[in-house]
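There are two complexes below, and they share subunit A, which is joined by subunit B in the first and by subunit C in the second.
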Partner chain A sequence: MQRRKKYDKTKICVRCKDAQGNIVIRHTVYCKNCFTPLLIHKFRRVLEPTVNPKPDGPRRTALKPAGNLVIGFSGGLGSSVLLDLVHRCYVALDKSTMPTEGGRDHPRHERVWKKVTVCYVEVCDAFPGMDDRTDEIARFVSRYDELDFVPLRIQHAFDRTWWERIGRSTSFSDIGVDLADESLLIEPLSQTHPDPLTALRTYLSSLPTPTAIHSSIQALTRVLLLHTALQTGSSHLVLGTSLTSLAVSLISGVAQGAGFNVREESMEEWTPDPETRPAPDTVPDDGTEGARKSKEARRTVRIVRPLRDIGMKECATWAWWSHIPVVGKEKWVWPGAKPGIGTLTKDFILGLEQDYPSTVSTVVRTCGKLAPKGEVAGKCILCGRPAQRGVQEWKARISIRSQPPPPPSDSDSTDAPATPAPVVPESKANTRPSLTPYLCYPCHTTLTSRSARPVPSPWPDTAHSSVAPLPVWTEARLGTHANVGVSVADEEEIAVAKKMDQEEMKGIVNEFLCIIRS
Partner chain B sequence: MSTISLKIEFGGGLELLFSNQRSHRITIPANVPPEGSDVPSKPVDITYLLFWLRDNLLKERAELFVENGTVRPGVLVLVNDTDWELEGEGEYQLKDGDEIVFISTLHGG
Partner chain C sequence: MPPRTCALCNDARAILKRPKTGQQICKECFFYVFETEVHNTITEARLFKPGDRVAIGASGGKDSTVLAHVMKTLNERYKYGLELFLLSIDEGITGYRDDSLETVKRNQQQYDMPLKILSYDELYGWTMDAIVAQIGKKNNCTFCGVFRRQALDRGAAILNVDHIVTGHNADDIAETVLMNIMRGDIARLGRCTSICTQGEDTIKRSKPFKYAYEKEIVMYAYFKKLDYFSTECIYSPDAYRGHARAFLKDLEAARPSAIIDIIHSGEAFEINDDVKATQKLQQTCRRCGYMSSNELCKACTLLEGLERGMPTAAVTDRARRKLDADGPVPENLRTIPLFQLPSNLRQNAATAVEATS
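And now, the complex of A and B:
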């Protein structure tokens, strides 16, 4: 059987209808000359409607953001292409990238963001044997002029000095969470102000699965970038998530219970917690009237993924034709670890993209139509994303948290029914303060969903402590609430965990099934 | 036996599998034996080149380059600056002086 062609009809570019094509993008052929404006158009089309605090509607006006811009840079392909595009379009003001409408002196052709900062979070200390690429990244960023570079390390998430440096108060006590107990009880740390690196490794070693380690590092990186955006007076944080990476994060997010946050994967707005917000004086002000007026508005950071319509193949082609020396990222692996949900999803999506290129775009477009059911009840204390109201009650209703009794062996002569063994150690006390009511569903699942098999830790030699430290922003927010038994996410409600016996739970599940059937 | 010369380039981190050298010049036979024959009667194509590169230039982790008889998903191939999907992918018959580029899209993201 003849193999199906990967392109429609002819090899001539569909845009200029003249030149021989050079690249096939989801069955459509483009030449090299038309590829550049096409990519810039797709990039601007996503980013520009999000620049002004309020959307313009059909009338296009000048782009006036409420603050500066931070580029979240990982060294990977997507963020390298993003950095190049942002620099060409908004810093170097390359004429070839300008929209043609409005004439040469149209305000749309002026510089948009006063200051552009590139923030890189080095994760090498989270995994054994990983190289530190900070210097290489700094050299890459220095290829572009007029950009500020802020290198961070992942352990800054546990570093009080960094928290203080970005203008936050550190007057809170050292508290951690008992990750060995599913109740996630909040406990005081045995050591005051632990070293950030040790704290990071203890936290990662206490997580139950490789997926949890990957997700936690992604969440820590994201929040570090957001606080950097706030510190630099930025209204926008742009990330180099391509169409392919977005499809991966959407599918793997849903697989990890983040269905409620499916919209935040594409675009989100983040405001710092009132308790941990920096004092107004610490927010940089560049002296302009607009900057002063928008100081309040600037406290919201909009996370935009301008490459979300551009696939990885297009990114790789752009990088090659633009001579961008991509630094690259190392895989997040350690001895004995099995691939997590994210890695498996990535392999699946890449295979899918090769055989059925349009399907990846369909995944993203379909997810774009989803509207999560349920109300928002505040923000998760760990990841800062919206948390759904009543998820713990729902989880308690539908989860069976005990195993059936083991089958009686021949030697077992007694007929007395065995007491079901709990899957996880029973909670020490349901009335003690717990982290659970402060968490969104995916973060709670990340911290509590255990593998049936033992999971090798990236740092087996790290001293194991039953109480794991928490990121500084979580500690700071918990520290402001003297009564931690009250949910911060939903302060008008008091969440109390209630243990129920098997019969009671069966009754509730049956009732739930009856409602579904009717 | 007639031969052809090719310029091979690796990008996006794929060069790390090939002695960290981005550009290579190679010479390969112009004709190779088709499957089940010993007579070199078939013009050399990219599929042959993939296995030639794996057996002669690749230094480590072949599974990151070749998978199921073709390039691994996530590797982009350009033939004289044109996507190999426009040129028949693995069936493209190589010519003397061709420039073949392999770019990995998996070097992070």
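And now, the complex of A and C:
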């Protein structure tokens, strides 16, 4: 790793070899005129191969997505640039952004997504003293025509009326999890249907670390956006993750045990749980051909990060030259809070990038060469990402948390010297229902891993109940496992879903329902 | 606060908070879970079979001293049936290695294990002191690392053992995972979390402490009153690794499980098939017979650079080209003695070749 000069040889733009450069991107100099097509090219190059249901299929002639588009908007730099680019390229059909090949009648010069929705999730209620920016965001979005705007709030994740509004059944009982104990027992909530804001704050206050609070809010936001995508009949959800923020989230994910999901950080496909999926006719039908063709495809939402080859500096330059009034994001802090893993990683990577300017691209490139190892055990009930099989056995073997059996005495010094000691004592295969078998490694770590010292809660005055409420989708999936009232068409999928992890948790839900009923 | 009882035995008084789990436990339970976790690591990976001759890479520092102690304890407790040796490398660093080797010599007595010391000087004709005098303090750890790796294998061959265990702990491995991602070293990233490296016909290298926290190793040594040497090398490690280490410490402070979580991440991914296909095949160095991914192994290249006064030859490609342009290898160039596998492995290797031919 050697420190280098900021730019390689000359200050003349490498593309037109004529104009004086205005920006240096990783040692290469560009002028303003050449920067625009370069950025648009990088943006299209990532997004377009993912548009058709069959990725990388023949798309010389047509981009035909299976549904509509949702832009996940945070108000930050990346998502502002993303919104601007999507609008220019696919809504306003700005001529200057068009690929030159194919001429004016090129089918690419048509609307690609019939409907484009901007979804903003306001998180201000999660932190004390944070301003509500929904109106400002709404004004920002209204600068662009023909976009739908869906403002949500983070507490919708705990809101049954929202869940109903997006066409889901709410016939499940109020259940929560005991976050005070590592075994994450599922318990009935003391209060029925707590109001969403209280539920959110109780949940956040019960989490063991600032890292857990940040990661949980990110995960809740992501799932809210996904359900919005489903509700708007969208096949694609685009996020404004830049190269820089992708590198940060990759490292931060690795530091939180999410190595199995490295791939999902840059590209993922999500389907709703078969048990909680809305009835097919509640999905709005806009008559797109692709949508009619495949019912299955429209239940799948593809998350794409079209800015993932574009660094933060390039985003900032684009925003500046295009006069985009970026609203910005507030820091997620509260009195006494120490920075979490996400914040530490961001500071570290940005600092390193100063001295070693290829850090972020190296991180992203390296992680792009990785594939998950081992079997998928199903989908995590909290974050919806694929969960690796066997993580609990791994954890138990590597960090012993209950008294292990004594060593063999001399008398039983027979053969087989190298048998491992049973890592989980029998009694731990406990009969009470727990959330643990439904969780992926990073989510389990989020809920159970503690700081060395106690952490101040963002809401110290929130009534402390040991049982924290769960997000609606988690409650719904736990609650409907037992009610096997599924249509025949869905049965096969249920069977597949069951095979995932259900052997291990057989009967858990039934038993747990008995507890609640009794 | 009233004295707490141990979270594990619920009996004795808790006297320490375990860095890895945050549990408050008693001293005896700490020893026992620490050792049992290492035992789990060993048995889960089926590292040994009865009768194996195993060398412990011993530096006199805390990691390898605790490793020697725990290996001896587990070997007796669970009847692994291993023959254990201490193997030390003398890099030739005055004021550091000379003192730490005294500790290793005492460990030899304390643990009653045969000890072999092999020096850079006798193997390469250069001490680290001499290398630093020539190249300065910039790439010294590159030289030292490459030379140590080969020296350990050669020492193992002399002891006729086919397995070396080293004291790399969880912190080291987590740090290496982060470094390899940030430097884009995909080949190393793919193998750095595996407990045991090397194939059938080479000397095995494994890390029984891969899940053991550095802090717990220190605690173990402290409570067991083990005799170890705690001074850092006088030629401080490179700046980049220093950044990674500081970052890891911050992560650990934010959430102590971060170290184990990073290792879990490293185990949960692998290099995808397209990339695997482009990786270089292993060959043997044409000059010294050691395994290598190029015609010349790293150590021979570095040594040639040192001998010819162009020490950065193996560090940068440009310098290597300059070295090549500078003319052919001089006749009288000092080289490393020919490498030979221990006798039992030589047989394996021969059969392997037959079988594939």
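The rule is simple: the second predicted complex is superposed on the first by the 441 of 518 C-alpha atoms of A that agree within 3 Å, B and C clash if a C-alpha of one lies under 4 Å from a C-alpha of the other, contacts with A are read in each partner's own complex, and residues count from 1 in each chain.
Keep in mind that, in the parts below, a residue touches a chain if its C-beta (ideal position, glycine included) is under 8 Å from a C-beta of that chain, and two chains touch if they have at least 3 such contacts.
Remember, predicted model here, so these are calculated numbers, not experimental data.
Chemist: Check whether subunit B or subunit C contacts more residues of subunit A in the superposed model.
Modeler: Touching more residues of subunit A than the other partner does is C.
Chemist: Figure out whether A:257 sits in contact with subunit B (first) or subunit C (second), or with both, or with neither.
Modeler: The answer is second: A:257 touches subunit C but not subunit B.
Chemist: Quick one: is A:354 in contact with subunit B, with subunit C, with both, or with neither? Answer first, second, both or neither.
Modeler: First partner only, subunit B.
Chemist: Would you check which partner chain A:312 touches, where first means subunit B only, second means subunit C only, and both and neither mean what they say?
Modeler: After superposing on A, A:312 lies in contact with subunit B but is clear of subunit C.
Chemist: Considering only the touch criterion stated at the top, classify A:373 as touching first (subunit B), second (subunit C), both, or neither.
Modeler: Once the two structures are laid over each other on A, A:373 reaches subunit C alone.
Chemist: Figure out whether A:338 sits in contact with subunit B (first) or subunit C (second), or with both, or with neither.
Modeler: The answer is second: A:338 touches subunit C but not subunit B.
Chemist: Name, in rising order, each residue of subunit B that touches subunit A in their complex.
Modeler: Listed in rising order, the residues of subunit B that touch subunit A are 11-13, 73-74, 76, 78, 81-83, 85-86, 89, 101, 103-109.
Chemist: Write out the stretch or stretches of subunit A touching subunit C in their complex.
Modeler: Interface residues on the subunit A side: 1, 209-211, 250-251, 253-260, 262, 338-341, 344-345, 348, 352, 356, 359, 362-363, 365-367, 369-374, 388, 391, 394, 397-404, 407-408, 413, 417-421, 423, 441-442, 445, 449-452.
Chemist: Within the complex, which stretch of subunit C touches subunit A?
Modeler: Answer in residue numbers: 8-10, 17, 19-23, 29, 32-33, 36-37, 39-44, 46, 48-50, 77-81, 177-178, 180-186, 189, 211, 240, 243, 247, 250-251, 253-258, 260-262, 264-275.
Chemist: Where on subunit A does subunit B make contact in their complex?
Modeler: Spelled out, the residues of subunit A in touch with subunit B are 3, 6-7, 11, 20-24, 29, 32, 74-79, 240-242, 244-245, 312-313, 315-317, 319-320, 326, 328-329, 347, 350-351, 353-354.
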